Amino acid sequence: MRAGTILRTVWLIAAVGFMLLPVYAMLVVASAPDDTDLRGLVFNGFHLPENIGLLFGEGNLPTYLRNSLILCVGTGVLDVIFSAAAGYAMAQLSFPGRRVLFALVIGTLALTPMVLVIPVFLIVKELGWVNTFQGMMVPGMISAFGVFLVRQFALGIPKELLLAARVDGAGEFRIFARIAVPLLKPALITLFLVHFLAQWDNLLWPLIVANEQELWPLPVGLANFQSEVGFNYHLTTTAALVTAVPPFILMVALQRYYVAGLTFGGLKR
Amino acid sequence: MSVLGRVRARPQATAGVALTLPVAVFFVVFWLVPFLAAIYLSFTDYEMAGTPNWIGFANYERMFADPGFLNSAWITVVYTVCTVVPTIVLALLVAVPLSRPGRLNRRLRALVMIPAVMPLAATSMVWVIIYSDRGLANTLLGLVGIDPQSWLTSSDLAIWALVVMVVWKSMGLFVIILTAGLQALPGEVYEAAAIDGSGAVTTFTRITLPLLRRTLLFVLVISVAGSMQAFVPAFLLTGGGPADATQVLPYYIWANAFPYEHMGYAAAMGMVLLAAMVIVSALQFGFLKGGDE
Amino acid sequence: MADLTRRGLLAVGALALLAGCGKDQPRQQAADGRPHGEVTVWLHGSQDTGQQFQELVHRYIAEFKVDVKLLYLPVGQLDAKLLTAFSGGAPPDVFKIGHWSFPAHAKKKRLAPVDTKALSLQDYEPGTTTPLTYQDVPYGVPIDFNPCMLYYRKDRFEEAGLDPDKPPATWEEVAEYSAKLTSKDRRRVGLQWLYGDPQWALMMLTALIQGKGGELVAADGAKASLATEQGRGALAYMSGIGNPKLSNPLGALGLFYSGEAAMVVSGAFLGPALEKLGKDTLTFGKQYGVAPMPTWAGGPPVVPAYTWGWGVAKDSPNQFTAWHLVNYLQGAPSVAANLDNGIIIPTRGWRDAGPRGTSEIMKIVADSLPHVDFGPIIPGTLELAKAAASAVDSVAYGKSTPAQAAATFDSAVRLVL
């Protein structure tokens, strides 16, 4: 019995350690003064601040960072609002077109976005949104995953709770805002995080829509930085580290909700 | 009740429509219309200029004569199987002991999430370095006496290098989902098994796995869908090379659209990929239904 | 039947949106002869000449009161952005793209012909605007013109017992020297090819096949084949030299810099680039030298070349100003500043623009001008090049025989041309 416990603990620590090794290697290489040691095992001095300084010295990085935050937080909040409303309604309200809408939303999960780039660009152009924040934000604003996640979660809200509120004379919108939204909180926070992470990585769409560097988010700016100065291992890694920081902070802050929201979809039908 | 029901139904319908309207409009404008346009394009010779001409099924027929498509389709199958299976097996192997209570396990669960939240662009950059000549992968091999390998520039190894990165990246998420699924299982069953004197392996295969079926299916569905659509890892890590060894289908579709401008052909391949995904998903859900009796 | 289905979809509105992009709207061009208004320029960034280029643009803005908007784009994503913009009817006025992209854009009527009132093509070296000309209409002017030449490491030659002052002149010698320069474990090689690079694979195959009197692409551009004696021979030849598994963040050029590759075929830009990488470790004439592009023994000289070019969109409302700006950007100060960085703007007299013009590298460029070959100037070039790279790589990696790769190449390009 005791041997089993020790074995289990050793296996777990080894497995988790192995999963973290690349993250550690990233930190080591990002702190290196040059490209001489790429093993990523031993710190060769700690030049991380200088390397970050070099990157920010490029001038536009603060702008890219700001744009990325606007993009990710902005669309994240909108996704949460719209998905909460739609997901709740699909789970708990009966209204015409519910099934059709659900099929429409779920169907998009299987679509490969790359064949839609040109049609979506034409639509964005018709709307006059080329080279605007709306143009970058709106087409990726609501995700099928979000609507689906909230719906799955909302299915778990007890019917009696809603019925009791209705008997008390509460309006449907009031029930949504006062009863459903607080119960959906873990799912909504998960959704925000997932959305943030996905948008944070988005390179191609902003590149295609934005015609001014002033509008570029971080991934586009970094891709350009790389193509301008060439490939340089340690600075590239520093850049990777910089882009990974905001998601990390968000994850640490929201982890408990994240896990709760994420696991629900797998357990309930 | 029926009268009451009808009275209740009206505000529900109004609220339901009002709450879903923005989402409905959004999906029609930014998904349904482009999707219908893409279906239409898949039957045309649209080359990103001029008016599209209807050419029937020519684009679909072309795929069978196109070595690039056949190569990519095969690579996608290999890639999907080889990322999904190890990810789930490894995630289970970690999740089962990790789901036990305890402070250490709680800490480890938090750490396991880190790879999952790394941006994919950052992940790819880091793994390029891990796979470089003097990088971590070769250093670790050196410790056990194996010669350094050319991970990303060898046509035999590149796809596996890609697979390892993706398994690493997605494992943490699945560990967390499976852990939560395991923790939700009823404890009495295990006690009964312990009284029976079942061994750990028997308990796992006879009791844990069947009870975990729904969670496993959820993990399976999202991981298969993710792998079949994976574009970014190949785009950032290998550029589809070397010698087209990592040219997964989404990458080939992208290349046919940009820069080759065969939008009609790319759309047709997108439809085939879509059909494949629908079939695979249906099989997975059928599997679940069958198991439910 | 087909029509009915079409109409059905039209009702959904999908086609209505698409039709919008196909319309050819004749744009009202402003009165010629005087630059004015606004011009947008898309190009990829370059560390070397970026500063000088921006100063030049600012001077243009001040002198001609034209609002010039520059957008630097990552070179790997410029194509996707430009194509989306074209098909959406929102292209920039001016853009810098590879010569291999010009025929496709020209065929799709996206390019404005060179406005000779704003820019004189007579200023350019004969032949250097050929790849930017489609069906006898000139659509662009060259910048960063690079005929191929052979770079070799003198130090590696010496080590291997070869005369460091006698670089190989023929492909036969290249193979012979490479054998001597390749280590047993193949971590150090003689000539290293640029694996995975489509344009470059096309250039090398062109040199090897045409040098033997063969033909990769038929003169009318309607047919291409590697399933010829010369084609299979070229694939076999390439697979016998170099090691595709060697890796370096800068590719074969990085391997040449590190010395792992003793020879590499590249353009005029490489010399100055090597100087910048390591002034102390690698000096021209000492550690490395250059030689003209090799030929087959007794065969004709074939010097593959590529160039980037400035183009102007047909949809630009301000074409005259666009060409006027391009002409300004190609003027004498640019020629001099670029030459200093090893980047050639091939206007007449370019070699006199600066001290580097007399260098050995630039002499090789000048001497090779009569033999320069830009490869096929056809709309399918991009895919042709990709298929060429796939063929070269699959043989080099031992995944297929030259005959198999040639057959795959032929069936792939048949769909394209």
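Chains here go by letter, A, B and C, matching the order in which they are written, and residues are numbered from 1 within each.
We take it that a contact is a pair of C-beta atoms (placed from the backbone, for glycine too) under 8 Å apart; a residue touches a chain by one contact, two chains touch by 3 or more.
This one's a predicted model, so the numbers in the text were calculated from it and none came from an experiment.
Student: Graph of touching chains, which shape: line, ring, star, complete, other?
Tutor: Per interface graph, the chains form a complete graph.
Student: If we define chain centres by averaging CA atoms, which chain lands farthest from subunit B? Would you check?
Tutor: Computed centres place C farthest from subunit B.
Student: Name the two chains that are joined by the greatest number of C-beta pairs in contact.
Tutor: Highest contact count belongs to chains A-B.
Student: I'd like to verify one number: the distance from the centre of subunit A to the centre of subunit B, where each centre is the average of its C-alpha atoms, in whole angstrom.
Tutor: Averaging C-alpha atoms per chain gives centres 16 Å apart.
Student: How many angstrom lie between the CA centroids of subunit A and subunit C, rounded to a whole number?
Tutor: 38
Student: Whole-Å distance, subunit B centre to subunit C centre, using C-alpha means?
Tutor: Roughly 37 Å, centre to centre.
Student: Could you tell me which residues belong to subunit B and also touch two or more other chains?
Tutor: 33, 37, 41, 48, 132, 263 - these are the residues of subunit B that touch more than one other chain.
Student: On subunit C, where are the residues touching two or more other chains?
Tutor: Residues 14, 17-18, 80, 84, 87, 249.
Student: Can you list the subunit A residues in contact with two or more other chains?
Tutor: Only 117-119, 123, 203, 233 qualify.
Student: Hey, which residues of subunit C end up touching subunit B in the complex?
Tutor: Against subunit B, the touching part of subunit C is residues 2-3, 5-6, 9, 12-15, 17-19, 22, 79-80, 83-84, 86-87, 101, 104, 108-110, 195-196, 244-249, 382-383, 386, 390, 393-394, 396-397, 399, 408, 411-412, 415.
Student: Looking at the complex, which residues from subunit A come into contact with subunit B?
Tutor: Against subunit B, subunit A makes touches at 4, 8-9, 11-13, 15-16, 19-23, 25-26, 29, 37-41, 82-83, 85-86, 88-90, 93-98, 101, 104-105, 108-112, 114-120, 123, 138-139, 141-142, 144, 147, 166, 171-173, 176, 193, 197, 200-201, 203, 219, 222, 233, 236-237, 239-241, 243-244, 247-248, 250-251, 255, 258-259, 262-263, 265-267, 269.
Student: Which residues of subunit B touch subunit C once you look at their complex with the stated criterion?
Tutor: The contact residues of subunit B facing subunit C are 33, 36-37, 39-41, 43, 46-52, 54, 56, 62, 65-68, 132-133, 150, 152-156, 239, 241-244, 255, 258-261, 263.
Student: For the complex, give me every residue of subunit B touching subunit A.
Tutor: 8-9, 11-20, 22-24, 26-35, 37-38, 41-42, 48, 93-94, 97-98, 100, 104-105, 108-115, 117-123, 125-130, 132, 134-136, 139, 168, 171-173, 176-177, 180-181, 184, 200, 214-215, 218-219, 225, 229, 231-232, 250, 253-254, 257, 263, 266-267, 269-271, 273-274, 277-278, 281
Student: Mind pulling up the subunit C residues that touch subunit A in the complex?
Tutor: 14, 17-18, 20-21, 40, 44-47, 50, 69, 71-77, 80-81, 84-85, 87-90, 92, 249-250
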